[in-house]
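Pasting a structure here, questions to come.
Read from first to last, the chains carry the letters A, B, C and D; within each, the first residue is number 1.
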Amino acid sequence: FEAHTQRYRPNQDEILKAMNRIFHPKAVAVIGASNETGKIGNSVMKNLINGGYKGQIVPVHPKADEIMGIKAYKSIKDYQGEVDVAVFAVPAHLCVAAMDEVGQKGVPGAVMIPSGFAETDNQPLQDELLAMARKHNVRIMGPNIYGFYYTPENLCATFCTAFDVKGKAALSSQSGGVGMSIIGFARSTKMGVSAIVGLGNKSDLDEDDLLTFFEQDPNTQAIAMHCEDLKDGRSFAEVASRVSKKKPVIMLKAGRTAYGARAAASHTGALAGNDKIYDDVLKAAGVIRAPSLRSMLEFARGLQVLPTPKGENVVIITGAGGSGVLLSDACFDNGLTLMKMPEDLDAAFRKFIPPFGAAGNPVDITGGEPPKTYQNTIRLGLEDDRIHSLILGYWHTIVTPPMVFAQLVGEVVEEFRAKGIDKPVVASLVGDVQVEEACQYLYDRGVVAYPYTTETPVEVLGAKYKWARAAGLLGKK
Amino acid sequence: FEAHTQRYRPNQDEILKAMNRIFHPKAVAVIGASNETGKIGNSVMKNLINGGYKGQIVPVHPKADEIMGIKAYKSIKDYQGEVDVAVFAVPAHLCVAAMDEVGQKGVPGAVMIPSGFAETDNQPLQDELLAMARKHNVRIMGPNIYGFYYTPENLCATFCTAFDVKGKAALSSQSGGVGMSIIGFARSTKMGVSAIVGLGNKSDLDEDDLLTFFEQDPNTQAIAMHCEDLKDGRSFAEVASRVSKKKPVIMLKAGRTAYGARAAASHTGALAGNDKIYDDVLKAAGVIRAPSLRSMLEFARGLQVLPTPKGENVVIITGAGGSGVLLSDACFDNGLTLMKMPEDLDAAFRKFIPPFGAAGNPVDITGGEPPKTYQNTIRLGLEDDRIHSLILGYWHTIVTPPMVFAQLVGEVVEEFRAKGIDKPVVASLVGDVQVEEACQYLYDRGVVAYPYTTETPVEVLGAKYKWARAAGLLGKK
Amino acid sequence: MRAGLAPLQGLHDAMRAINGAAVHAEWRASLASRGRPAPLAGVGPLEERTGRFRDEAQGKAALAAHGLRTPEGRVVGLSEVAAAARGLGGLVVVKGLHEKLAHKTEAGAMALGLETAQAAQDAARRMVGTVATRDPSIRLERFLVERMLPHPVLETLVGIQRDPQFGLTLTIGVGGVLVELIGEVTTLLLPAGRDDIVAALTRGALGRLMQGYRGRPAGDLEAAASAVEAIAGYAVAQGD
Amino acid sequence: MRAGLAPLQGLHDAMRAINGAAVHAEWRASLASRGRPAPLAGVGPLEERTGRFRDEAQGKAALAAHGLRTPEGRVVGLSEVAAAARGLGGLVVVKGLHEKLAHKTEAGAMALGLETAQAAQDAARRMVGTVATRDPSIRLERFLVERMLPHPVLETLVGIQRDPQFGLTLTIGVGGVLVELIGEVTTLLLPAGRDDIVAALTRGALGRLMQGYRGRPAGDLEAAASAVEAIAGYAVAQGD
């Protein structure tokens, strides 16, 4: 029952062994390191150095003795120690010969930045490169990629800018453009990242290999992947089914539609495939599909900070009744269950809110309330163990300004975490521009918060639930 | 065939006459103006003054001779001139008596900020208020609202902060929370606004009255409304069918789902109603439904700057092939037609791009290209009159940095506008954080541009097309 | 979401809705194939706002005045079923009528393709028992005996609803037992133009069926539109 | 998007797909009501990768070995149709078999409910003409004469596809002429566990029909699952 293309597929242990050397290298070689500013071989060197990589950097250059103050070698073979990964920054036509040397040196992984292979219709050259790599048992990332980041090792093996917001999301992209969005978005939102990996032409290493590594990587808690095609859907389904039991796996599948599939075919020759099959297979494998680039990014950002819910009961606590309605719509859209409020709990909430505030679920505390009302109701929501997740709807007032709200929520959540009670809390903040700062403050404290939207926080919570359900952590719904 | 509730419904001329006085007042009275900082009657005064309103402000207060340096009156009747609108900032129980005086004075419109009416289960008081207003033929905005803004008159008749980003979108909301998002979002994104109106309990004035005004308001080019229910669906359908022929009408209907409808009922007593009927009726009336709060805001922001397309042919020009695929998916999702590239045009595009760049549609100019390539291809896209809209996919590189891209696009678009060629152009910018500034620059120049997303620009373009089609501006699809 | 769309009911119930006694009601119109007239499946006694029953002849006359074609038939007591069947001649259908019966087929109160007067009489008698077994509070006393129509090309759902926000509305969609599974309907405000009705009949799944889906004969669009117009016209005339 | 799902084809064509000659193929399995065995509508000659025809007996044997129940029948030439019908006895079905006929019903190559041997023979003869009129390049020479099965409770789509990314897959959904309109299918990778098959059969529209939708009899879930398992098992055995 193999899929069409026969791909190289070592067993899981072998994959892991190579991947662990690539992601935790003691030495990184740069084939085509350069002293000339603007050159990719120069940017890679800078990023390795400025990114704070602590291992050995091994510049390889035909003439230079030193690159950026580091001893350079004419051939990688001249270097005495073991090298774990070689980053290529030489033109495509030089890559096969260089790969031969890298292979002879016994390097287990090559990061192939150069373009000029299958994506420029030069499939034969890519085949030649792959054959050479296989001959020496070198695993290839790419070609035609921006490289990769692995923040736990301060490793920026890429020509993009250095990057240092450490966190627990590992992301990969088939396309460089999407990779750049990941970097920009991560920097702008301070999304915590463990890894960003370019897969490009995917001549060898692909999503299933990454999953095998991230599965056991203690620095990674959520995995998000952009892909245009799965080169080997069966391997992916197999590995993803296993990994998604432990960590959320998110996928943005590009080329979902007739237009997109056609564009993918002309862009990378990707056979985007029958989306209905992708959909069913990914669902069966417990993979969460991101409907858009932005949602892939938001899921990666949010799922890593949210704890896993212990059950389906979601409660909305809102200052803005209007937000309560929109948040409820969003719960429905995202398959979340608004808890039917037990009478005693309803009465308990009512004690804290004005008589005309609507109890039930949403708990509508009404607009003009002081911080205390938010505090009391949120505390109750965290306390009562029939409630499994909270959605907060904040409304900007003079009585409870944005940062006051953010601080009180941060405190209450922290207080309960200290007691061992850690429920997912997401928030929608509507108000003037100060709500933006408040959202960042909350996100930094593990509360998934967004300004000017009621949908996004609920979508992120919905994705966490989808994962938890598929992973069998919530029992049958 | 009347709907259930019988509502007051004067003819269109009468509505317009009152609305024109409310939105273009020569004098605004503040009932409950106050010198005390923090009071709503004080905030309203500040906003009127600081907002730059040029007409007469008439503070009404039982004791004070002056409020914020402006002569105050014990009763509105003591003021000699004509008053066009009265903003109420006194507690609910004082409103009926105050309304009697306002009515006797012959004021055509009352902005009822106070809460304490139907939303706190005090329907009888609201009925009394309405009866008094009807007796004197005063139209009521609210009660239970933040007030309203009308930027062409520098009018900030609200207790929120003054606001001055003039533009062409008129927005209304039934709920104060959503109103606050509008204000915060508008300020943060510099969205141009002509009006922001709170409708609250909608005891009298509602969406159809606003439409009647905005239809003929030269300062308004797009109308976006958040509502939980239509008090009179039939009037709305009738007026919206007419107005949507001239200007895009966008609606965020809250309470779409079972959960949302229940929340709406307990929040405002809104009968959210059968969403399928809303959907069909709004579609038939040419109203664009916004699927989310954020998309309502983005549509209001984007639709006002985009020109109306002249036909269905959309072309994607992209530096990132991966973005091209996602943009194509988004075109499909949003019902846009990717033009089948005529051979001569394909050849013309190919002249400007590398041999391995994919022509067809998307036109994939590939990642490493200089500004000239973007310039040449965009110019061709604007020039050829078989192409009706452009979607740009920018990819951050050293060769063409974000602001260089933004400036060149701004220039080319401007150059063609000067020649009378004005096509919708939207853009997705992927890259490091500098793309954010580039997007703002582009938006300011009428190019709808977003960072880290391929979906949103296409969604906005899709909304513009949906409107243009429904308005009969594109012929049958 | 298909909220608020009640399950199919006979014309019987629809008439009550039109007359204001209920908010939701739909019924199926079986649209003829091209060239044949548009028959309507099922017509029952009409009830007015007053609660007084109209007899079937009056109901039919009212619909006929709006141009709707309905199968010939009579409403009779149990002892008169055979006679009614004989009077109609040929194949007949017997339907048990009762206030509480929203779904005759499911309740066992529907017998199709009866060849003789005796068969009709027997069916009616059995029906009384079947229905009573399932719900002892229902005792069938009135029966609609109708001419059996040829199998329709296409069953179409035509519904009249009184919506609190929008007033009288017309819903059109795919009919038959699979209606809920296909779940695609269009709602129009009444009165509605023929153009809008035609557009609703030619949209989506219904439109594909109407065109002659997978080798099936095509529906007669004009006849269908006229039938819908007639029902809508009747509803509007009765509506406030 | 329901991209890539070819219209329904007979078991005839499905066998060719399993044997590797085609990528897409689906066929309908008519699932019995509770308690009755699960009959399969339609079985035709099987073709191997080599292009050599298996005869119908061999095909059936192969499927039977995987536990699938199929209606009794024979593939014969035009002159032998009457004899084959007589041999089966009772009501029969005649299907015209031809390489080019993906949709027998639409092509006029399907005659159901034939009561006598003569009627079967006449139907086959007429079929040759009907089919030729529509496509002169098709001359029917082989006919499947099958026992007519009672009307199935529920037609289910069971498809085998060879996907370039995922290899051999199994698709399950609502069958019958409305399949495209309901358009709800589930795809599983093969081999698939019985649990997954049962889950696919009880999900969405199919699940509602299986439970006995709107007063219709319920499907026999276990029999259905076994039938699907048999087909899947056969496909897996044949697949690479």
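Rule of thumb we're sticking to: contacts are C-beta pairs under 8 Å (C-beta built on N, C-alpha and C of every residue); 3 or more make two chains touch, one makes a residue touch a chain.
Keep in mind it's a predicted model, so treat the numbers as computed, not measured.
S.K.: Listed by label, which chains are in contact with chain A and with chain C?
M.R.: Expected: B, D.
S.K.: Using C-alpha centroids, which chain lies at the maximum separation from chain A?
M.R.: Farthest from chain A by mean C-alpha position: C.
S.K.: Can you work out the whole-Å distance between the CA centroids of chain C and chain D?
M.R.: Centre-to-centre distance between chain C and chain D: 35 Å.
S.K.: So what's the Cα centroid distance for chain A and chain D, whole Å?
M.R.: Using C-alpha averages as centres, the distance is 45 Å.
S.K.: On a C-alpha centroid basis, what's the spacing between chain A and chain B, in Å?
M.R.: Chain centroid spacing, chain A to chain B, equals 34 Å.
S.K.: Measure off the straight-line distance from the CA centroid of chain B to the CA centroid of chain D, and report it in whole Å.
M.R.: That pair's centroid distance is 56 Å.
S.K.: Which residue numbers or ranges of chain D touch two or more of the other chains?
M.R.: Expected reply: no residues.
S.K.: Of all the residues in chain A, which ones touch at least 2 other chains?
M.R.: In chain A, the residues touching two or more other chains are 256-258.
S.K.: For the protein chains shown, what form does their contact graph take: line, ring, star, complete or other?
M.R.: If you draw each chain as a dot and join those that touch, you get a single closed ring.
S.K.: Between which chains is there touch?
M.R.: A-B, A-D, B-C, C-D
S.K.: For the complex, give me every residue of chain A touching chain B.
M.R.: Spelled out, the residues of chain A in touch with chain B are 38, 119-121, 160-161, 173-178, 180-181, 183-185, 187-188, 226, 228, 252, 254-260, 262-264, 266-268, 270, 272, 292-294, 297, 316, 319-333, 338, 354-356, 358, 360, 362, 364, 367, 393, 395-396, 398, 430-433, 435-436, 451-456.
S.K.: If you look only at chain D, which of its residues touch chain A in the complex?
M.R.: Residue positions touching the partner: 1-5, 161, 163-169, 185-191, 196, 236, 239-240.
S.K.: What does chain D use to touch chain C in their complex?
M.R.: 7, 103, 105-106, 174, 177-178, 180-182, 205, 208-209, 213-216
S.K.: Over in the complex, which chain A residues touch chain D? Could you list them?
M.R.: 1-5, 229-234, 237, 256-258, 271, 273-278, 280-281, 284
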